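In the part that follows, the structures are each spelled out as structure tokens.
Two complexes come next, and they have one chain in common, chain A, joined by chain B in the first and chain C in the second.
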Partner chain A sequence: MSKANIWRTVLRYVLVIIVVGMFTFPTYWMVSMAFKPKGEWSSAAGTIYWVPENPTLDNFDTVLTEYQGKFFRANQSSALPSIRSSIIVSVGATLFALLLGTLAAYGLSRFSMDTGDLPWYIALGRMALLIIAMLPFMVLWARLGIIRYWYGILTFTLLGIGVDQAIGRLLARFYKGPTGSLAFSILQLRMFPPMAIMIPVMLMWSAFKLVDTWYGLVIIYGVVTFPFVVWLMKSFFDEVPRELDEAAIVDGSSNWGAFIKVVLPLVKGGLASTALFVFILNWSDFLVALLLTTRYWPTIPVFLNTLVSSEIGAQHGPKAALGLLAVIPPVVFGLMIQRYLVRGLTFGAIKK
Partner chain B sequence: MAGIRLEGLRKEFGHVVAVKELTLNFPDGKFAALLGPSGCGKTTTMNMIAGLETPTAGAIYFDDRRMNDVPPGKRGVGFVFQNYAIFTHMTVAENIGFGLKIRHVDRATIEKEVKKVAELLQITDMLDLNAGRLSVNDMQKVALGRSMITRPRIFLLDEPFSNLDAAFRAYMRGELKRIQREIGQTMIYVTHDQVEAMSMADNIAVMDFGVLQQFGSPDEVYNRPVNTFVANFIGSPNMNFVKCSYRVEDGQGWLVQHNGNARVPVDDRRRRLLEQRSDNAELILGIRPEHLHLHSQQDSPDLLSVTVHFVEPLGPKTVVHLRLGRDIVRAIAPAAYRAATASVQWIGVDPAFMHIFDGNSGLVIR
Partner chain C sequence: MQRNAVTSLPREKQAGQAGYARRRRFLDMNDVRVFAASLTMPAQIVLLLIIIFPLLTEVYISLTAWTPTRGGDWTQAYQFWDWGHNYALVFQDLAFWQALGRTFLIVAVAVTLEFLLGLGLAFLFMDDFFGKRVFYALMLVPMMIVPAVAGYVFWLFFQSNGPLNAIISLVIGRPFELTWLATDLTAMIAVIIAEVWQWTPLMFLIMLSGLVGLPEDQMRAATMLGASFWQKFRYLMLPMMKPIIIIALVIRGMEAVKIFDMIYLMTTGGPAQATETISIYMYKVAFQQVRWSYAAAAAMTILVIMTIIASYALRPLQAPQRQLAASTEIGSGE
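After this line comes the complex of A and B, so read on.
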């Protein structure tokens, strides 16, 4: 090997080490901090401890137990309820979105009567017309004072659907092009960042008494992740030849039988990676849970946030400990379905 | 067993008419082929028979029972798809037994039946293999087995051999014919390969653009084509077509070539037919390459002068491409036949094997 080549190789490895270090250091720091006593994780002493010198489980103890003593401690309550909340909500929402999304995706993949995508200006125009048309009703509903109650929201929503349909009919008179693909409309839901609709959702959830309940969170997470499930699963179903369903049907199965016995087993890898993807989204969400929980059902990210306050300061050690615990479920899930994962994540990317 | 009767069957996809008013009678226990180029509506017809597509209009009868509203699983049909539609997450045995499992037949019976079918198809040794790992040839057999297990009254096969290699395809043609004879069921076979249709079927339905062109035995469609489409589609090399018109000269009826000056005499029966028609200016003479006889000299005054365009030796026979005026015609010669390009040769036309078609409608005149 010539000298220039050696230097090139060295440089390459140095760069690789720097990049890998940048990505893995935060994880390392969290793990190491979780086992450091307070004196080491707080910067009060002015020394940086790169590795825990007196490893301890105190941080886990702090975060997992309820404080009974009279002296001041970081958190008064235990993180266990929030862990339970995160598990119930994330699993529930993932199942909810998967159940509905997979069925919808199968339907779209097999029985869709799409006529091509609607041009964006028609779609946008239709949306704008709907908002303009609904504004007077909003004012009226507010004046009547019913917009804050469940029946007000329900009537307003139904009216909105009706007006939207009417606008659609009206447009169809002037515009004789493709009427749009349903699958794409569902994906379009995702083009709204969830935060844009969170304030109205808060009001609605409070009117329907869904705030601070596990099912309230399950519903909103399910709705927000539904388009992902539909879009991902549709691309998996599209890969399964239609003839497989047809063969099963000719052999005597029902549509359901063909779906469950033949098609679903063939996309189970896709189902697993979609589930992981959606689960991680739900598991790591902070803002929706912050806005929709108060006392009983805060999730882990919301609880983590309570470990920083003006009274107690930033409790980095307990935070790291809880963070480490929170990483376990996605990692375990990920390892379980590892062999499907790479294929799943690169799947819809390449269209034949 | 059941015969299949289609009455005015029609299928539209949006503005596209895939099948137009198809009326057909597939006799019970026979092997029929649906033959036509891609997109002629033959697969759509099969799907309608199986119940996978709903007809826009018309009726489907199995024997005398109307099947339009019977769900596919209850029609008693076995279907083999072009891409086999093997369930790759199951073993070969599970694939073959699928239809019985759906019907909640007990395990022992399923095993017994699967074994029987596997023996018929000679695939007993691969029953425990994962079906996804089979070769294309074996997948074909598994698909066939899966369609047979429920003892359907009717078998529908959609281009089942088009993905197989040539040698295995020839073998499977024989196998399928043997199986059909052994189980004695009605079989309908979709193909665009006229050799397959000719070699296996008792009856052939030739379709084009969703319209049935002709239905008959292989002999009938080959020897008595009703129009230029059927005449051209069946037979390899294709039938020769020469544009011509009918004229009477010297008290004899002649077909006179448009793109040249060849003429052939017409026999009395055809002459009467032609003379009943008002317009004989646009005719097409069709003659199969094997009915053109090559001569190196003008042995009789009826022979036509041609020049050799090129010679195509195929092994068992030789196809000779000839210039007849500005038309190109093909003739079949013995394997050893050779002639220099551009050399002058003579061909004789056997009047008994002449087909005369109307130049505008393409319909046969006979």
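After this line comes the complex of A and C, so read on.
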């Protein structure tokens, strides 16, 4: 090895260790905090504890066992209900999103309905026409007093779908370009800050009595994350040559048969990694659960945020312990699917 | 039994040629169009269900002065009808525009830093070295950490008696006490550091996959012709990586605009409004000031602004293949 090469190697190691160390430190701090006894949580006495001097599992014990309602919120004395909530909701929403998204992805991949760029004035124009057409009905439904019930919402939405289709046809007459596509609206759904749609969603959810239920969260998470399924699965389906489905159909299988028995088994790996990816997204959400849960179904991130004791002040140790538990599934799954993470987080635009 | 292949001729033509009577049953899965529709229909319906009603409700409420504390539920909002008053207020509301500007500022600074750090790191990880896999895995961890947990960890991190101040004290050799989250500028820096910490790994991953995918023979040719590292970077790597870089920036920008969890847990937008992004602003208006109709008007304004930005920003994503193909031509042609 020449002298220059040695220096380069040393320089590389120094840089890598510094940068990776900086990026690892916050995680390390949480892990070490989880094992620290109460006296080492903060450095009020002027000494800071870089490593737990008397490592203990008390924090996990505090979070995971019942404390007679002494420490936590009135109706929950341990983190177990929130862990259960997170697992049920994330798994349910992942399945829901997979079901919706895989079908749509196959449709978009095989029968390309992506009509390309949609100019903003068409998107907004279509939205504005829909609003102008439907607003009187909204007021009417409200005056009739049926809008707060599920049948009012349902009839209104069905009417809206009809009007939306009519507007699409009307626009297509005057404007010879794309007037909207499923692919675009799916992608667009990811653009809006969730906060911007949460107010009406909360009203809708309370009308359907979905607030603070596991299925209410499953539905909203499924809707929020299925665009990721569509874009990920579409990129996997695109890699399966069309000739395969055609061959299956020539051999006498039906369209559905070709999809389920021939194409789906070929993208098994992709489907599994998509599932894990969407699970991570659902598991990580904070805002939606914060707004749509109150007493019974807060997920781990929401519960973590309320973990304050009136008796002994901030619960740094237990919070870090719960945080550590919350972080384990996404990190394990994330490392399992790291090859596909880029693809997922870039909507399949970068395939690697 | 006659079946249609997925990409074969439309049924009518086939039917005409084969003398097959045109008889379409409802939900005939052998009809390609029915099959295609049944694949995308569930997603279409759910999308419309989840878009039409909330959209109209939002517009409806935004045109009134209703809010939960005014009595009556939201269906009675028509009693407080006041046309576009809320929108006029939004346009005059300095806090709204400041929150919007602040959001774009955070996005611009954070995404730029993420990009530069990610690209630099990717260069470090390009060749093999001992222990690379371990460092690589460690480097990926931050982006998988639940943002709400990360927000809490960074809240701890920036306390005046927290580890950051302790590290700085060690480095400068005297006690250093700064309450990071209590002054405007440092709170902003803290939030940006947290955002950069969480998402640099994604940039790193994207840039690394881009660099690894560069055609080796061209790089070797450039080396043999005596090109310096900077020349190779400027005239070879950068043009070839351009589409990937654009996609990475667009996607990070799109996601960063929505930033909420971290800021909510670290500063809740404070001190005062120093770190109030658009999501935090809407949260505060709706749930702390309880002005729902106003928040709805603000949300509609955001939707319009975002739709306009999205239609331009998403272009590189719509045809990544075409873009990639075009760029390799530029890369090899010049």
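Here is the rule we go by: the second predicted complex is superposed on the first by the 269 of 352 C-alpha atoms of A that agree within 3 Å, B and C clash if a C-alpha of one lies under 4 Å from a C-alpha of the other, contacts with A are read in each partner's own complex, and residues count from 1 in each chain.
We adopt the following convention: contacts are C-beta pairs under 8 Å (C-beta built on N, C-alpha and C of every residue); 3 or more make two chains touch, one makes a residue touch a chain.
Since we're looking at a predicted model, the values are computed, not measured.
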Can A:250 be said to touch chain B (first), chain C (second), both, or neither? both
Applying the touch criterion given at the start, work out whether A:296 contacts chain B, chain C, both or neither, answering first, second, both or neither. neither
I'd like to know which partner A:7 touches here: chain B for first, chain C for second, both or neither. neither
By residue count, is chain A touched more by chain B or by chain C? C
Where does A:262 make contact in the superposed view: on chain B (first), on chain C (second), on both, or on neither? first
Can A:241 be said to touch chain B (first), chain C (second), both, or neither? first
Share the list of chain A residues that count as touching for chain B in one structure and for chain C in the other. 246, 249-250, 252, 254
Can you list the residues on chain B that touch chain A in the complex? 47, 50-52, 71-74, 77-79, 81-85, 87-89, 98-99, 102-103, 143, 146-147, 150
Taking the complex as given, what residues does chain C use to touch chain A? 3-7, 29-30, 32, 35-36, 39-40, 42-61, 63, 73-78, 117, 121, 124-125, 129, 135, 137-150, 152-154, 156-157, 159, 161-163, 166, 197, 200-202, 205-206, 209-210, 213, 244, 247-248, 251, 254, 257-258, 260-261, 264-265, 278-279, 282-283, 286-287, 292, 295-296, 299, 302-304, 306-312, 314-320
Touch list for chain A against partner chain B, complex: 241, 243-244, 246-254, 257, 261-262, 265-266
In the complex, chain A touches chain C at residues 9, 12-13, 15-16, 19-20, 23-27, 29-30, 33, 42-44, 48, 50, 99-101, 103-104, 106-108, 110-111, 113-114, 116-120, 123-124, 127, 130-131, 134-135, 138-139, 142-143, 145, 147-148, 153, 156-157, 160-161, 164, 182, 184-201, 203-204, 223, 226, 230, 242, 245-246, 249-250, 252, 254-256, 258, 280, 283-284, 286-287, 291, 300-302, 304-305, 316, 319-320, 323, 326-327, 330-331, 333-335, 338, 341-342, 345-347, 349-350, 352
